[in-house]
Amino acid sequence: MAESPLLEFKNVSKSFYGNNVLNGISFTLNHGEILGLVGENGAGKSTLMRILFGMNVIKETGGYEGEILVDGNLVKFDNPSEALKAGIGMVHQEFSLIPGFTAVENIVLNREPQRKSIISEVFGPRLNTLDRKKMDEISQKSIGTLGVNINKDMLISNMPVGHKQFTEIARELTKKNIKILILDEPTAVLTEKEADTLLKSIKEMAKRGISVIFITHRLQEILSVCDKVLVMRDGVIVRETPADKTTVREITKWMVGREISGISAENNESKIQNKKEIKKIMSVQNLWVDMPGETVRDVTLDIFEGEILGIGGLAGQGKLGIPNGIMGLYEAGGKVFLNEKEISLNNPRLCLDSRLAFVSEDRRGVGLLLDESLEWNITFPAMQIQNKYLKMLLGGFIKWRDEEAIKEVTEKYIKELSIKCTGSQQKAKELSGGNQQKVCLAKAFALEPKVLFVSEPTRGIDVGAKKLVLDALKKFNKESGVTVIMISSELEELRAVCDRIAIVSGGKISGVLPAYTDSEEFGHLMVSNVV
Amino acid sequence: MKISKKFLYRSISILVIILLAFFMFVIGRGHTIYFDNKTFESQNLTYNSVYRVDLMVKGELKGQIFSRERISDTCMGQSFNFILKVIESRGDEPKEYEFKIRIPYSWDGVVINLPALINGAEENVYMSKFIPTVVETPSLEDDVVITDEFMIDPVL
Amino acid sequence: MGKTIIKTDLIDDNNSFMGTVKSAVKSFGLPRLIISLFLLLMFILAPFVGANFFTQLSNTLNRFSWNAVLVLAMVPMIHSGCGLNFGLPLGIIAGLLGATLSIELGFTGATTFWMAILLATPFAVLFGTLYGFLLNKIKGGEMMIATYVGFSAVSLMCMMWLLLPYHSPNMVWGYAGTGLRTTISLDGYFNQALSGFLRINIGHLSIPTGALLFFGILALGIWAFLHTKTGTAMTAVGSNAKFARACGVNIDRVRALSVIMSTWLGAVGILVYEQGFGFIQLYNAPFNMALPAVSAILIGGATVNKASITNVIIGTFLFQGIVTMTPTVINSMIHMDMSEVIRVIVSNGMIIYALTRKSEVSK
Amino acid sequence: MKKNTIVSFISNNLVPLMFVLICSVAIPLSGFSFSYLLAEIVTRIARNSFLILSLLIPIMAGMGLNFGMTLGAMAGEIGLILVSDWQIWGIPGMILAMIISVPISILLGTISGKIMNLAKGREMITGYIMNYFINGIYQLIVLYAMGVVIPIVHSSILLPRGYGIRNTVSLLAMRQSLDNLLAIRIGTVKIPLFTFIVIALLCLFILWFRKTKLGQDMRAVGQDMEVARASGINVEKTRIISIVISTVLAGFGMIIYLQNMGNLSTYTAHSQIGMFCIAALLVGGASVDKATIGNVFLGVTLFHILFIVAPSAGTKLMGNSMIGEYFRVFVSYAVITFALIMYETKKRKALREVGRSLGLSQTRLSQSKQA
């Protein structure tokens, strides 16, 4: 082949604040080739695509190392529009469509064919009138190539999700000189039939010379449509293989398989055996939660007293919805029993009263009072729910804040969790991510809960802090005998901390396995009923 | 090339607007014209007032000016056409004169002495600037404020 | 994984002097700084244009004592995250109802003042509850709606002042015998009820001790409230409503409580204002009361969702200082009465400034 | 099914229907003759429509009701003051005043738009406060600078002290000059045909504008700023342009409004105009995020019928004409309040609806499983 490949990555690396997220990525993409990109969450797929698409976040965090070549020319995109100009299109997971516009209007958004007039000559091209007829033609053609039947004059807001997805792809296709199309989990929202249609049209596109990078969790799709599969893990490409020479099982293994460190299988086993005599502390039955992007459909789960239960799964499958739903932060239904007593849902107060506590994954949004002191952050829930740190004046009529007790307990937790700060009065927003997370834990610990939900405790914090946070959790579990339910996207982290791990897929529990189980098994569960 | 074309169009349109504004200045300038039917002396000549003058503007009778009377009319622009029907003394047949006068731009009000005009005097003789006798409005409160019925006025 | 560099947690290398000054100015706010300096300049210039410093100070203090409670009425709602209380007229109406009822019921002298507060309270609680209920339905759009709720209420009351069966000859129109007058003199009722109490006169300086004391007590009350459990919850709701909800706080109830408090303080505030001013102003007068109070607290350093008692005191002093000083000083300097215009520009400029600041809650 | 559509029709058009109801009670009470009412309404439609139409474009761009249209009104007034000092009369005077108002409007609109961009999500309250702020500056110019910095020749519009403009500026020389052009009389009703032609032209402009690239961009920005930005539309600039257009049109509208009135209350004419235009638009069934030309005309008709009949109806009903006057003011405020509340609750309801439907389907799912 004398011709240079359409796209080539040469030794591309990227780090965020000292965390290496991509390490020496090299691969090529030829004309008309379909490349499947798979990997666990956090493996670096999104970052890789963001680099290619010139997203601002990359530049803001110090750019990347290595070279990217398009058609043999070195490129470096500073913003998405440069990438667009170079012929790279991207279909995001979240729809970037305008709900009140028709399919046509969305497809040609900001690239509408126009007609000039005298007025536009004077006041500039933005006063050109739109050429509706041409708009229709272009859209119809583009929809036609996809092989689907979408009403081009239907408003996006009235469309089923699948049609929205096709509209987005159709939009990318109408872009001039489109060479590479990145599809980030395009089939996640499609019905099986629609997904088939999409796969067909992807092949069709490839035939017309457009190269496709296809990211999905549905491995079967990768095998059926891709020419080549790239498997990523921890920021490196662990395997590059032609799609017809591998199996789903193999890919899963590559995705999750790695040496497990610092965990002893026997230890775990003995613990589990002990657990069997211990009673059920909590039981969840047919739980559904309406949490945008993390919908829980039908979860039934038993939790034993004193254990650390992990809940894992791919992003968007609903694992985050479970604690948020139980704690009443999002609308939920179904039944939850604590010590055989039913807890009514959709009321955070009642959950907290029955000694449940929750450390939210949305640290800055839900977890902290960023503008207030550490004292407030740590003591607030305990004060509100259990009347701690209050002085009762006038026979309890006035509940006065006991600043001394607050300071005391805050300093205790600062010491215990070694929170790095200038003092208990420092504002929460001034702390680093790891220390903020510790504050969140301290807040939950101060409630002295019976069951503690910890959601994504290590998200967005550096490695050193990760260990401290996890250790603190383990210690809390061991010393106070508190049942801990930890939700995390990082399987290895769960395996290192938990006794049992439940995997959520498609808003349902696809299986609960002891933590020492082979990670390959977990991998299977993760993709078993991905929606 | 493209930029210069746009620039050209824009400057032309701005120029057109400025010209339009200028044009409005000219055609929209309003003058009040006072017609005097008074005996008038100038440069040793005496123009005697006449019995009655009918003022016609654009075919419409604006007023009848008897001796020692004054009426006013308004005009926009700097030229003013009018027809005078002059009745020298009671019972005479009216004589028709047509006039077109130019009014100096800066004059708000113009006084025209009809006898002088009819008798063919020079422009600077029959036409003079109207100087209003200043009537001070005693105070602000006397100003009648007519608004739409929007009465509540929550200004700080 | 091994290559990871652990970052230091606290970054504080900006120790240079300029940095300190800059951050001080930033935290104080440039507009506030300008206003303070402007007022300072006024005070310095005052003696040169023949105005007695102590007279000016007394005027400022006097006006401060009239208005401070109205400004204080902003605090609870800002604390609970309901934004600037453009709906202050609602509280004012409650206060006006209290004042007129108190007179109607035949009280005289300073008693009318205390009775007015007492009578205004049920109205304030009622209005506040309804208003709070409404604001809970429209979280996020509070300020605009508050403005128009206030306006609607004022214009509704305009009709009511005409229709309600008041009879006291000191209040109704003489010729018709019904309908309240636009201004009602408080002589013989609660004129100077507070300001006259313990008034200190030293030369040109005159301090309305009673009114200041009354404000002090209310401010202390608010301060104390913010130190209780419920007060803490209120601050947390304003600071991060999601956090408060996750901690089991009933956000709607806390917000409604703050609205009731603000409304009640508004009612008391207008009564304090009237006792100083000496007149009850009805009909369209409440329209004009909200914006000065809003801009005063903003000048004092509050933001759309953070306010303290200090902000109230500083803000009211600066605002009223400008109101009293500019006419005297500017007029004698340039012989133009521009004070009104300056006040309009300064106070509204301040509100715009506050609205355009990215809300201080870090998300 | 049919019942459902009726219910939704009523709930979607609650404000106009309420107004029809109030008017149908108030008109007979007032005792005005039909021809008198008709004549008044025609006058008011001609007088106010242009101003109200100026509100449409910012709504399209998702910036809500442009309370800052008052800025344009002030620009128009400055134009009129200067023109009346220069003694330019009639329609040429109006055109000249419009030309003068344009750069001022553009300047004010740009400032206002930029500030609103800094206060996204709070555009309305910001625009509302902007009114007061710019009103202060307007007073500074008109009350202090005119006659000193800006030369004003005629003492008839100057305050006796020698600078500053009087409370009222007579516009006698251009009074109804536009309305009288091509005016038709049918019985006692005068139809100012030319004014209607101008208004029709503006309607055509708005219809055409929706079809332009810029109009399309505005709609996109109005619906989803982030998506619009991602597709390469300059969101900030688009928003500023929408405010600028609205401000310029409001300036023209104010000039048309004032030529009908025949005099200019220098310091108060603009202070309420925004409020009344917005109220009229909302009465016509518009909302914060959606308004059509139809809303404008329906609104101006209904709102002004109430305005005409309220005092007289109030007198008949309560024996006091002030009641009626206060009532119509109350109604205009209440309408705005109601529309704003509806808008906010609708916004929240739409968010919750999604959740509820999902919740329902899930419960059904689990129920069917259990059965």
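Letters A, B, C and D mark the chains as written, and numbering starts fresh at 1 in each.
Note that in this section contacts are C-beta pairs under 8 Å (C-beta built on N, C-alpha and C of every residue); 3 or more make two chains touch, one makes a residue touch a chain.
A quick note: this is a predicted structure, and the numbers were derived from the prediction, not measured.
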Chain centroid nearest the full-protein CA centroid: D
Chain whose Cα centroid lies at the greatest distance from that of chain A: B
A-C against A-D, pair bridged by the larger set of C-beta contacts: A-C
Centre-to-centre distance between chain C and chain B (centres being mean Cα positions), rounded to whole Å: 57
Whole-Å gap separating chain A and chain D, where each centre is the average of the chain's CA atoms: 46
Where chain B and chain D are represented by their mean Cα positions, the distance between them in whole Å: 37
Of all residues in chain C, the ones touching two or more other chains: 151, 155, 291, 344, 348
Multi-chain contact sites of chain B, meaning residues that touch two or more partners: 152-156
In the complex, chain D residues that touch chain C: 115, 118-119, 121-122, 124-126, 128-130, 132-133, 135-137, 139-140, 143-144, 318, 320, 322-323, 326-327, 329-330, 333-334, 336-337, 340-341, 343-345, 347-348
Footprint of chain D on chain B - complex, ascending: 17, 20-21, 23-25, 27-31, 74, 76, 108, 134, 136-137, 139-140, 143-156
Chain B contact footprint on chain D (complex, rising order): 86-93, 95-96, 99-100, 132, 135-136, 154-155, 159-160, 166-168, 173, 261-263, 265, 267-269, 271-273, 275-276, 307, 325, 328-329
Residues of chain C touching chain A in the complex: 1, 3-7, 9-10, 227-230, 232-233, 235-236, 239-240, 242-243, 245-250, 306, 360-363
Contacting residues of chain A [partner chain D, same complex]: 80-81, 84, 96-101, 105, 109-110, 112, 114, 120, 125-130, 132, 286, 288, 290, 295, 297-298, 330-331, 333-334
